[in-house]
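These notes concern the structure reproduced below.
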Amino acid sequence: MESYRDLGARLSNWNRWGPEDERGTVNFITPDKLVTAARLIRTGKMFDLGIPFGADGPQPGGGRVNPVHLMRETGENQDFPGGFHFADDYIFMPLQSASQWDGLSHVFYDGHLYNGYSSAHVDSHGAKKLSIDKMGKGIAGRGVLLDIARLKGVDHMQAGEVITPEDLDQAMAAQGVQVGTGDILLIRTGWRNVFTSSGDARAFMSGEPGIGLACCEWLDSREVAAIACDNWAVEVLPSETDDALPVHCVLIRDLGMTLGEILDFEELSADCTQDGVYEFFLAAPPIKFAKAVGSPINPLAIK
Amino acid sequence: MESYRDLGARLSNWNRWGPEDERGTVNFITPDKLVTAARLIRTGKMFDLGIPFGADGPQPGGGRVNPVHLMRETGENQDFPGGFHFADDYIFMPLQSASQWDGLSHVFYDGHLYNGYSSAHVDSHGAKKLSIDKMGKGIAGRGVLLDIARLKGVDHMQAGEVITPEDLDQAMAAQGVQVGTGDILLIRTGWRNVFTSSGDARAFMSGEPGIGLACCEWLDSREVAAIACDNWAVEVLPSETDDALPVHCVLIRDLGMTLGEILDFEELSADCTQDGVYEFFLAAPPIKFAKAVGSPINPLAIK
Amino acid sequence: MESYRDLGARLSNWNRWGPEDERGTVNFITPDKLVTAARLIRTGKMFDLGIPFGADGPQPGGGRVNPVHLMRETGENQDFPGGFHFADDYIFMPLQSASQWDGLSHVFYDGHLYNGYSSAHVDSHGAKKLSIDKMGKGIAGRGVLLDIARLKGVDHMQAGEVITPEDLDQAMAAQGVQVGTGDILLIRTGWRNVFTSSGDARAFMSGEPGIGLACCEWLDSREVAAIACDNWAVEVLPSETDDALPVHCVLIRDLGMTLGEILDFEELSADCTQDGVYEFFLAAPPIKFAKAVGSPINPLAIK
Amino acid sequence: MESYRDLGARLSNWNRWGPEDERGTVNFITPDKLVTAARLIRTGKMFDLGIPFGADGPQPGGGRVNPVHLMRETGENQDFPGGFHFADDYIFMPLQSASQWDGLSHVFYDGHLYNGYSSAHVDSHGAKKLSIDKMGKGIAGRGVLLDIARLKGVDHMQAGEVITPEDLDQAMAAQGVQVGTGDILLIRTGWRNVFTSSGDARAFMSGEPGIGLACCEWLDSREVAAIACDNWAVEVLPSETDDALPVHCVLIRDLGMTLGEILDFEELSADCTQDGVYEFFLAAPPIKFAKAVGSPINPLAIK
């Protein structure tokens, strides 16, 4: 198998949108793509793809914990003129603990970030380049769901089960939909069900079905703008090679493609199966955290 | 002047969408409204209305601090197979410290939340009713900008300066746009400029121009779905009466209308002035924080 | 068995040190007690009884998480004149997630805190009465270790195993030490070993050996100033009765006795066994968190 | 003036306590010093030198914010058997935002920490060497207060006012006390009053009186174990040279001396003036935060 470095070098988008670019493949979403995507809103059905953010989320502890939500004001023991009361609250969380976009500064290798920026731009002060707020004017466009779990007739695929380009092609054919330039591709593995059925964060995080390295070329050739999944790392784990997260390396650092993770496609999938429509308008703006390497999201799919 | 309690009782939407409703006026955004709103995406121009989230934000301290962003991993001193490196980060913040939706559990009086829910539903465990995640399947629809600062020919209106229904009517007339059922109304006061020009959080928070109590009836009669402003509390401060935040009380608790605050309309305003188009598709999904009384947002306005 | 309410009423210290008192039994540590305690520093051996505070602590998640330590500055990418570099860091944690004093506002029943204060003094703004900083001028004095695990000849006692007054008496006799007015009593169950040997936070938190209700009278009659243990709740769990944490209720709310929890007595215990000296000077100042209901500690035992 | 680098090289304690040492000058506090120090507890008077930790502390914002205290449980809406209620709370704070020990990993230059450890030991994962928990078995011993503000007859010294070795000598003579091996030296500048009288964090942080570089040799020659002050950086600011924090560099990195900052000596000072006794037992244990570069403290001075 071609090494991920060779693959990344071959597919590289560095300098494709100029030496100053910090947005990568979302550049494929040109204004005309947005106009076309808007026409997919035909019935007004809306699906929210973010999971709940709270203490019972999918993080088993370690480097990332689940969001901790704390009330600052509950309305009690307030004495404002006229009887006004208010509640207020705080959150403490890893920005990538639940539904999220990976920023392009999230992953790198060999001392370089996407577009050739030095990895020294990421330090304890945050990301001076490629931070998630650079994606603030986005991410929205045509969304397409490829439902691989349904294609394979399973509630959920298995940890370590690789999604191949052929799977993607077959899903397109079976669903009667095409993936093209500027699309935001959603791939359903059913892995979210492993967590929601058991509440077992450790099982959810122990591995996952996901795309293999060969899909990188598929995504590149179709000029996909972004990819998002219902697992926690998009790519298959354990990996096909001995490398740690090689698909992350190629997609984020070489293609400049942001990854959406820990999403919930169950309601959307059921609806698509019913009406046979697997395309929609997708609006998934990141919160503009300055110098951050990722952002929580709640993507809206609207048909 | 009619007391805010009398006004609230008169305009009340309690039980309008059933006794179990937790979404209030966003119910005005019916599927057909979404379909119609989508047609406003004509050129693919996109505007991100969220402000940057970081240490230099508009909170001067006290009950709310600015977001504190901390890196957990920077890529240094990692030793993953194959050369993979990753960065990861945490945020600590009040959920309403920057661009935000107020949840319907954020404000109440006389022991009741919107729709008659007891205020006892809000306690140190969070909001059992009317939490912001109940708005997760939203908030998107037709957005309309009424640019009151421009109407008055000022860079920014003054603290304590009341926006009246007549101002709103005049802005509609001057701009050639109507506000109707299910619209998300953006009102520009220019107050955001007070902060961005000086960086002075204390000045920004010391008061603000905003809508007066009379606008509540205007918003109610037009069946507006949500309102959002470039100040920090939507309503004029100091208030017209001796009551604390009476517009909050009426809109959130009686009408069930969520408020968007601390937004940036400068780029959008400039564009609207140029092309004369003050309506657009707006996608502003809250992050689904469980039991939370508000959420950070980055609304996308798309023409 | 006498109900914990009856027991608490019988042993109550309310008003013993006046109606304004917020310090409870630490009042037993009078200046002369401090002078006497200081004479126990005879060889200069020092033992630090706090456990490490970090991500791999004994909290399995839920209401309390382990401390999250995050670096703000690491020295890299700084450019101060003369070559100065500094590192800086943040902590996010439940105040009672590791070694700790319970404040007297930590536990209550029937609407009253210690000394008759209304429980309404504790709200989302913190504790207006009996907060831990009221103990700031302390807690130090004569410490005595009663090593019950060693008395019973076990590495650690079992969950649900009750320590009785007879156990305490036998330990005093076996060790040749008396517990008296103003002493800070340390009781070793060995339960800490359950966590350190396995790293299993869930096992550690699933129950514990500890003192039973009958010990409350024993502690009261000897005028003990404070009690601290190497388990996480001082008292036996599951409890002897169907009540939740009845010993907490009696000691904290009725006697006004603060509890020290999640401490490490292993090194101290080994030393005491060797030299036969079970008394020492103990200095365990809480950090003065305003309005807090507990504080992290690192008690020093000095012989 | 000798450069701080030359001064540091001349006074260096590297390797004095072996190549593995991580405790520096606190090694001067030998067991016999502890025994002698304990004899200073003669009347049982106790002074707590920590300041309150809360939202109204001395941090004006920026890299360090004041501690944010949030309640997790207030006792309301709990339903435990038997009527038990509990309160619980969280803290978010920079470890050096209020009363604190600087760890020996807090400051460095020229790529080396104290004792020659590479500064690469400090990264986004924390301090692998010289973290504050290495001081866990301490810091306690003989404390001596040199009251320079009182010597100069002022409420507080001025920002930029240098404390010299002569000042220290004169204070010793005036107070009739000697500073010697293993002592923890407290220097009072009165600067704490600038904050407590005005609540103005910015004024407090804008500069300070403190020791100058010449005092490093004085501290070294007397074999002082640790130094602590009522300002926020021990040393005079603005500095005597163009270097940033040169006294920090020499004391922490070359001598291996930990610094105590943002303490409150007012009550202690008043008492010392009254009884003429400027020595006492001091117990100031750091909380054992793993890999941390500093710790909050509440030092107890006991006479």
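Structural remarks
Letters A, B, C and D mark the chains in the order given here, with residues in each chain numbered from 1 onward.
Throughout what follows, a residue touches a chain if its C-beta (ideal position, glycine included) is under 8 Å from a C-beta of that chain, and two chains touch if they have at least 3 such contacts.
This one's a predicted model, so the numbers in the text were calculated from it and none came from an experiment.
Simply put, of B-C and B-D, more C-beta pairs touch at B-D.
In the contact between chain C and chain D, the residue numbers used by both copies make up over half of all numbers at that interface. Distance between chain centres (mean CA atoms), chain C to chain D: 26 Å.
The mean-CA centres of chain B and chain C are about 46 angstrom from one another, to the nearest whole unit.
Distance between chain centres (mean CA atoms), chain B to chain D: 46 Å. The set of chain A residues touching two or more other chains comprises 68, 71-74, 76, 90, 92, 123-125.
Against chain A, the residues of chain C that register as touching in their complex are 55, 61-62, 65-66, 68, 71-74, 76-77, 92, 120, 123-125.
Residue ranges of chain D in contact with chain A, taken from their complex: 68, 70-72, 74, 76, 90, 92, 124. Interface residues of chain C facing chain D in the complex, by the touch rule stated above, are 4, 30-35, 37-39, 41-48, 50-54, 63-64, 67, 69, 71-76, 80-96, 99, 105-110, 119, 122-127, 133, 136-138, 140, 241-246, 248-249, 281, 283-294, 296-300, 302.
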